[in-house]
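The structures come next, written out as structure tokens.
Consider the two complexes below, in which subunit A is the common component and subunit B and subunit C are the respective partners.
== the complex of A and B ==
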């Protein structure tokens, strides 16, 4: 193990280097470092989380919670665990329909513990300030965004090389065809122009006639019946050629320095882990780069410049904020109770009961009533349907992130984007419990979910997700009928009062059923 | 005949794709591997057996020239064809065309020794087999016993073919179907009226059914749509054993099975679920103790509990736990899990709305390497399926006409499918060991289990069926699996 470990766990979330070392210990320590920083599943701190002041590393005997009667009875006499519930402040922005978190400490809390939200100027984790600082310093930072740029450049270069190689191979083959000889070192420059007789017929018969002077025929005879444009093709290696194949597929390792066919692949800062590696859109771009910085070790030379750093940090004002989606905001405020939402219109904090009224979807088809009319909530509100799914999987322990990158509604991560790629893509299909509700509902006229029930759409989604190796799960959310709610919660006309419904009581009416879709290939499964 | 030839053409490719090319053309790997990897030499030997080119006139005696059929390697797409490579492009095009034409050249014929014969008599709409060659009939055809003829005590049995089987064999060239000229044959049910005529290579006064006629005759019979037939033919060509599921078997074939056609469902959804209340006594006791303990704990440690005041009015109100899993359990409130399946059938579907479910599995498919016997299959009765459980249940739909299955349709289908047995140890639920692996495990209680299930088991689900989605002849195969995410925090 090399290098000191970082002492302050809640420091700024900027990337830093790790001293080079052998891969094996650094893998594990990297994982442990990530676990420490990102391993807490929720913003609430329990003693089992490494960030809790009273944290003890788990020993062998304290595994899980014993579930016998005696232990539950005896646990009464133990003090309840010291729970730390942070209170973060966010501002609701009606234009973007999101909640903004601007305080850096809150940003760190919400992102690091549970991966809520997204930095506005960053790929996922709000690293804009640290990147900007590095840029100001003349930067060698290897933030996720920089590596992404580098990777894109490499890939672009590879594609240029490949196109060139294919072209030269085709020209070489053409030359062989036309002149009946092996391609010389001058390559395609000697392609005869305006040659003809072979235009329609590439058989040996014709060529033997023009077999040229014996001096030109060199080396082995090319078998013209097997000549293809790829015969002389020497392919450049992809910059990330070995990542997904072979024995160690999907393992994150430092990229080896290779040079194949003139394409030199440089190893970046070695032995590092992605600080945030969300899978991206695009066709073949599905694995995070194998080289990304860990947020652990501060190299020694930085400590000398500490005073200068402090000075410089104030130069760059953090223009970035963390943006929470509506579902995440409701979960954090009314589900867990760690978020307080501030409304700029009323210049006050919104009480927890009124949060839903703010976050619900307003139906487009209806003419907006007077501002003083109470907001009405319908059970098939797309926000509620989406939230029911979000809440379900969050309560089961999955990290749920928006899935628009892969034409899905939500993505499920087992521990978080930092640790692995999403295993599942969720597609939500609402099902009405009562068909009368469906007809009367203000949302029914719009195509919120209808087109998704076509095979064309779902095979598109499956195709996109099969390229990035995610499983598509269809979530059938059963929307309860309005009649199934208690009358005290409703207005006269059959809609619900968002101020009176309690989150858990509301969600109990929804049923969630999952069906996994996968591609079945009879030819391979024999 | 032409349909299968073009199919063979389109699905044949170089058996050993260039490894390098498959790595670098990563996009195409999936599609390539899906196609049948036909061995080129097998294709050549097949060609030499069935292709006959008419002998040249100046050659004495009947002789056949078998043109060498070359299937060119599937190359890469040329994205930038240029003026400088014109000859090369022309040559590649020429080669492809020649390959296509040479494969189609000649007359396809068959060996009389390998062709079976069947006849369609007026007594039955299904072709009756007269002679069988080869092993094809081992998994096809259903035997029907005719009425006992007076002088003999034993009943005469003959084999009749289902429409898809007849069509498949006809298309393949292994079967000749004869249609008697109805004026001459007097509606008899015995084949003795029809005589084989050697000079004509056919039965007397009978016309051979052509493939085109076969398509128009058999498609549409007994629920055989074009999509279903295409799925059937594709699977048969790959070697699978494909049979109809029980409710689609024509009633003519169902007589004489070991049980009646109507099967009682194992669990009538109309009845209230059977609850074994005594199993939940430990859980109830534990909860009582827990509640009692909470009350005492709050009295004793009032100050520490007041720290959780900030969680009031949120969903975590009243949470008294120590771990993140307890938070998850406290938050979990939607109805989910296996017990939600089945409710659709009970409450939502009105009998008047009940239409034919296009996703009901039509075919039962067994893998090629499994030994399969018709007798054991017993026309898809429950006993037969217990002896030889099928590997896949396949339905075929038209992509443009049908939307994705709705929840009610899925419910109905999953109910009829067997549980895919899972021999892994079941998770522990609330301190009480759940009932273990049987084919019909009772639905799990509606709470998540402390130890998560592994991702592959979530991926596959416990019951599954396959849908062949047909869009103007292009088939895609999709597997629907019923999953349940029952894992919670592992922290």
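== the complex of A and C ==
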């Protein structure tokens, strides 16, 4: 994912190399650093992977030489290097219906090798502690949350500037119409034009951000018939961060700059960035102090004594964990076998065949519950329907992440959130193979998927996703009928026993069909 | 490799009595209350958070300050898949907010983590110690020891104790701890009339 580069103390070894040092690394080096860190998906770690402990980078001097041939020949007789498959541990939390990963090493493995899970206090990658440390040190980190907040402030300022530009243009036009004369020169921000009739062409600010030429002197008579609505309008361009719009940001008022210990620091919010969409509290962009009052200002060169860094790290406790959704947990556990899930109720690890019973959805059900009733599984369990879609696209190599922020079920990334934005939004629509199952389903009447049958809802989703340039894909998941399952897997009432159902055998019954939606506008597409 | 070591299961952000009561009373919102409270406290950085059940509605809300000079604001945590929040429920929630008196608002929960200012003070104290005697003692007695369960002093600033009864936030929570907030206000309002934007 490309973002605005900014000064950062974090190099390629830091959490997702988004920014650069003052020497501004190229996109290629940033991509290579990210590829090294995130480019080895689970489960297998081959010896040729840079992350493998036995990895040896090929030496330039020996490549193609006689000694490289000899070493390759000799390597055949060496003991084979084992392929590594990590084993991570998670804790099932029944309250939040999720699996928590608390060990930092496991958190790094799961997120860096497939972008599984989300930091509980972060936007994506768990960076809460590093952001907190950065706040304590008074620095400016390149965490994703900070970049997002910076972009939002730029867009907000752009909108304010645009509104002011339009207002001043309207006032100038009104003044001209009332007085019949050009307004006085106010500076490069405002447009005024001579009376030569070329007012309609050059004065509208264009996407290159070029300001119009300054006005003629006060009192010049103007031929009103030559004026156009665009005469006085200077249209500001969008900030650099908006990749599809203008290239040069239009700044009416440069950001206030303060000097801290002799170093110029751009004013901006210095509080931690929220993981959610709620505007953060604390400092607003209008206040924007660059220095916290009455506290120690940390020098801006980041060359601190190592012991001081350790001390500060020791006083900031890491309260964040990596949280896996249920689909991710089952995929990691039963799909590729890299996760073991611990149940706090039984104080033991859950056997892989019993994980499904823990993760299935509890309906507000018609199924009578007795204290000894075993869990019952239905093919239209919303968890299974969602999982079928998740498993399908993960198996095809996509990185699949929740899509709640875009009114979708899942988002598809080609390589991961670090590399690019999601290209596709998935919306799941279950289709029952048996109408009788639908009638009897304990999930019938609940708002799992019912509203998705309306075009009004689909139009809403399309609208949201078109603004963020994602393609909407409808995923029709065919829910198998209960009768299609073997009798040995079922209870007497026809429901499935989740402890007997194998993931592979279960998923074989589901069918997935993708339908891409795009809006067709007959007037525009002619 | 066989894993036989039980993982750390203790939540460093253990639930308080106030939370436990609400979670027991409102099972539909139990997980969202837990997640939203911590998200507001540690990620969004609201202050003076408290959770309560609105009388005769069956809904739990979280109250807190986005900025301390602004009124208390209400957040309604919800799970992603629910049809329980109907227009009649919303009406009842707003009515209950109108009827909520200052006495009904519980005390603020203790902070989940020390503030940035406190951490900076500790860091500064540590640096001063190392400068005076050349050693660093992380275990220096902290003047605030024993006061961790009390709401910290945030300095001499004016705290607005009124409650914004015309607007609530709805916090929609997913299982991977994503929280999406929506603002609900009564009536038709222009964006310019809605605070905080």
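The working rule: the second predicted complex is superposed on the first by the 342 of 526 C-alpha atoms of A that agree within 3 Å, B and C clash if a C-alpha of one lies under 4 Å from a C-alpha of the other, contacts with A are read in each partner's own complex, and residues count from 1 in each chain.
Criterion: a contact is a pair of C-beta atoms (placed from the backbone, for glycine too) under 8 Å apart; a residue touches a chain by one contact, two chains touch by 3 or more.
On a predicted model such as this, the values are computed, not experimentally measured, just so you know.
By the touch criterion defined above, A:459 reaches subunit B but does not reach subunit C.
With both structures placed on the common chain, the touch criterion links A:87 to subunit B and to subunit C.
Contacts of A:316 after superposition on the shared chain: subunit C is touched, whereas subunit B is not. Of the two partners subunit B and subunit C, it is B that touches the larger number of subunit A residues.
By the touch criterion stated above, A:515 is placed in contact with subunit B alone, subunit C being left untouched. After overlaying the two complexes on the shared chain, residue contacts for A:473 are found with subunit B alone; subunit C is out of touch.
By the document's definition of touching, neither partner reaches A:223: not subunit B, not subunit C. Of the two partner chains, neither subunit B nor subunit C is touched by A:493.
The intersection of subunit A residues touching subunit B with those touching subunit C, taken from the two complexes, comprises 87. Every residue of subunit C that touches subunit A in the complex is listed here, in rising order: 1, 3, 5-9, 12-13, 23, 30-31, 34-35, 38-40, 42-47, 65-67, 80-83, 112-113, 116-117, 119-124, 126-127, 130, 136, 138, 169, 171-172, 174-181, 196-197. Listed in rising order, the residues of subunit A touching subunit B in the complex are 39-42, 44, 46-49, 64-65, 67-69, 72-73, 75-77, 79-83, 85, 87, 162-163, 166-167, 170-171, 173-174, 177-178, 188, 191, 193, 195, 198-202, 227-230, 235, 238, 241, 245, 283-284, 333-337, 352-353, 388, 391-398, 414, 423-424, 429, 431, 433, 452-456, 458-459, 462, 466-467, 471, 473-474, 476, 478, 503-504, 507-508, 510-526. On the side of subunit A, the complex with subunit C involves touching residues 87, 89-91, 95-98, 102-103, 117-122, 128, 132, 135-136, 138, 271-272, 274-282, 292, 295-296, 307-308, 311-312, 314-317, 319-320, 323-326, 328, 340, 342, 344, 347, 349, 382, 402, 404-405, 446-448. Within the complex formed with subunit A, the subunit B residues making contact are 20-21, 23-24, 26-27, 30, 33-37, 73, 75-76, 78-80, 82, 84-88, 90-92, 94-95, 234-235, 238-240, 285-286, 289-290, 292-294, 296-297, 300-301, 304-305, 307-308, 310-316, 320, 322-325, 327-329, 331-336, 340-341, 343, 348, 367-369, 392, 399-400, 402-404, 406-407, 410, 430-431, 448, 450, 452, 455, 458-461, 466, 469, 471, 476-491.
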